[in-house]
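Chain IDs A, B, C, D, E and F follow the sequence of writing; residue 1 opens each chain.
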Amino acid sequence: MSNPSIMPPIEIEDASPEVRAIYEDIMQTRGTDWINNFWKVLAHDPALLKRTWDTLRATMAPGALDPLVKEMIYIAVSATNGCEYCTYSHTASARAKGMSDTQFMELLAVVGMANETNRLVNGLRPAVDEPFKRQAG
Amino acid sequence: MSNPSIMPPIEIEDASPEVRAIYEDIMQTRGTDWINNFWKVLAHDPALLKRTWDTLRATMAPGALDPLVKEMIYIAVSATNGCEYCTYSHTASARAKGMSDTQFMELLAVVGMANETNRLVNGLRPAVDEPFKRQAG
Amino acid sequence: MSNPSIMPPIEIEDASPEVRAIYEDIMQTRGTDWINNFWKVLAHDPALLKRTWDTLRATMAPGALDPLVKEMIYIAVSATNGCEYCTYSHTASARAKGMSDTQFMELLAVVGMANETNRLVNGLRPAVDEPFKRQAG
Amino acid sequence: MSNPSIMPPIEIEDASPEVRAIYEDIMQTRGTDWINNFWKVLAHDPALLKRTWDTLRATMAPGALDPLVKEMIYIAVSATNGCEYCTYSHTASARAKGMSDTQFMELLAVVGMANETNRLVNGLRPAVDEPFKRQAG
Amino acid sequence: MSNPSIMPPIEIEDASPEVRAIYEDIMQTRGTDWINNFWKVLAHDPALLKRTWDTLRATMAPGALDPLVKEMIYIAVSATNGCEYCTYSHTASARAKGMSDTQFMELLAVVGMANETNRLVNGLRPAVDEPFKRQAG
Amino acid sequence: MSNPSIMPPIEIEDASPEVRAIYEDIMQTRGTDWINNFWKVLAHDPALLKRTWDTLRATMAPGALDPLVKEMIYIAVSATNGCEYCTYSHTASARAKGMSDTQFMELLAVVGMANETNRLVNGLRPAVDEPFKRQAG
């Protein structure tokens, strides 16, 4: 048994009309008939729930980057931070958007490599090369 | 003036034949005529230099993921970890591979959002939903 | 079943007189009749146990900051680092000091936001504004 | 000289009407006549600028927690993550809201202690005590 | 029950000849007759499995540092990052190489202290002393 | 020019008798005639200065682990966290205790590798193997 969540999930049938409307919007946007626990615990602060959902929807929408690429970036951050729930939920989302086993393993290889070289740099402290300063901007 | 690097960069003209061969390989692979400071400080351990370069080349090569996507994942990790050198160098690489301003800003928006929700999850500790366990694998 | 702790907890009845005296001090200071697992595993190094307890008591004592504010800062750090045990234990402590649901959710909203903007900054690398340098000190 | 910011700051006089309106709102809300670099680099994505400012204003507004407490939580997160810009800017904000030297040093003492015990826990892996599970929720 | 691993472990009897050969090498090098789950999940990308194993073997081999010291450094990083699996596996390896209870507790005391002072520094931002710049290199 | 430290260093000649006594103890213990900036900024809270120095001296003293090994563990944590000041100061200390270039590079190779595999684990989530649970304790 894992530990209980610190704030209990607020189920759909127990939600206030304000929270329920956000739940409905999440389900409709995703084409699902259930709400995952992240939103159910966030619902203890309806304003935070609304802001977070609105921001997530705007951030993850198709734009200059493909939605699957955005999910993979989300996994990269979550694995770097070691967030277990987030790794499961965004790997599931990436799978639903078509991520193959091979793409997933390549993603993790890059994440691992970046975490390695970040620390080689942190220990050796090379100066940022002048060409990089010009090319980055 | 930033602080000096902890190990001094080994310039091409001062490199051992073993190190110089790796430098040549890096320049040829990248089509450039200079070596960035990361490799020059790593050169104090030629075996580590070689392993790191070989792994980087294999990891960042075109595969199931596009090389630009891989560079953006590298930026996501480096910004999450706060590695300054790595952020400059991989943003420069992503630029060289065609990343637009809009793509870069969208990437950072996802990185910021993921770091935010990772901590909402860490504080509230929701249980991983059963459907996510099945869909992630 | 979660994984076993790496060093087994040393129960009160099995503790050396030196460790038992610290346990007694913890219980008396807190007005409880039990010792939590953190101290029981730390007890494998009695000097470390004593230093850590003495420092914690001094650090968390009322001072220029309210003890509840200190607990909330502890939660902010623990959620940022993703330390599960620490999040449970310091949320419990904050609750015992009167933290409301609303305060807890506001705390997490700030923690999430700070983690987000930290990474927007890490990716964009703005220079520290001159007024901030003067005002911070 | 520190490194240049990766995206150049967009000054008030060069901003689009959309961005300028947000800048005006920031200055009016804060009662200042200048915009700090964080917003000026974020302005390359006006939608992200707007969302981030709206969320920051909502999150940092007086509520169940005092605005100064919120600034101190922001510092705690920024110091834990090592975000230099964020540490300067939010320490400046906390100063402007009245944080004393003594409060600042006590804040850092808690941040340091929490980061220490988070890792003692990570290495020893004690189980979450049953009373903490009940009291945290 | 902990959550299932995201990619299922590939057992020895189900492994391709390429993967099986690496498994055999791991078992022979370690003098064991079983493979731990890390390698079994990495096996979904045989090239990544091979590179990671080759690098690990080279990195952890006796050199200027004692293998036990290397395992303790691995624990220090894993506890700092909060990687549960890694903490168990490398503590087990360090035990197999002779790490005593006292050595383990001293190691964690240093890890805790370093994490504490890292954040005191991050909050106070002292300049790097000139003698340290000279002595570090 | 790097940014100014957030709290100004308190020089020896400006220190209170309480702080000066700690400075003297630090210099005498280390056999030096100067105090590094970390202690000078911490001196704004004399009780924190004293606790931190006492803990550091106890933690880094010869014990079951060699003082040089302890300094290398300190570097491993500081590079993982990206603390620039700490990396310079503890690399300088390790040099003063005899760390060779080869030892330093091997240390960083392990730090990099551990940070890499920590994230491969975080993304793939293998279960802790039963033998590791028994052997770690």
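One rule holds in what follows: contacts are C-beta pairs under 8 Å (C-beta built on N, C-alpha and C of every residue); 3 or more make two chains touch, one makes a residue touch a chain.
Treat the numbers as computed from the prediction; the structure is a model and nothing was measured.
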Both-way neighbours, i.e. chains that touch subunit D and touch subunit A: B, C, E, F
Chains partitioned by contact, subunit C not counted: one piece
Cα superposition angle of subunit C on its copy subunit F, in degrees to the nearest 5: 180
Pair of chains joined by more contacts [C-beta pairs], C-E or B-C: B-C
Chain copies touching (subunit A, subunit F) - same or different residues, decided at half shared: same
Cα-centroid distance, subunit D relative to subunit E, in whole angstrom: 33
Subunit A and subunit C, separation of their C-alpha mean positions in angstrom: 26
Whole-Å gap between the CA centroids of subunit C and subunit D: 20
Sequence positions of subunit C contacting 2 or more other chains: 1-7, 52, 55, 78, 80-84, 87-88, 91, 102, 106-109, 111-113, 115-118, 120, 122-125, 128, 133, 136
Pairwise touch network: line, ring, star, complete, or other: complete
Subunit C partner contacts - residues on subunit E that touch it in the complex: 1-2, 82, 84, 87-88, 91, 101-102, 104-106, 108-109, 112
In the complex, subunit A residues that touch subunit C: 1-3, 6-7, 44-45, 48, 52, 81-83
Residues of subunit B touching subunit E in the complex: 3-8, 47, 51, 55, 58, 128, 133, 136-137
Subunit C-touching residues of subunit D, taken from the complex the two chains share: 2-7, 9, 34, 36-38, 40-42, 52, 55-56, 59-60, 63-65, 69-70, 72-74, 76-78, 80-81, 83-92, 95-96, 100, 102-103, 106-107, 109-111, 113-118, 120-129, 131-133, 135-136
Contacting residues of subunit E [partner subunit D, same complex]: 75, 78-80, 82, 84, 87-88, 91, 107-108, 111-113, 115-120, 122-125
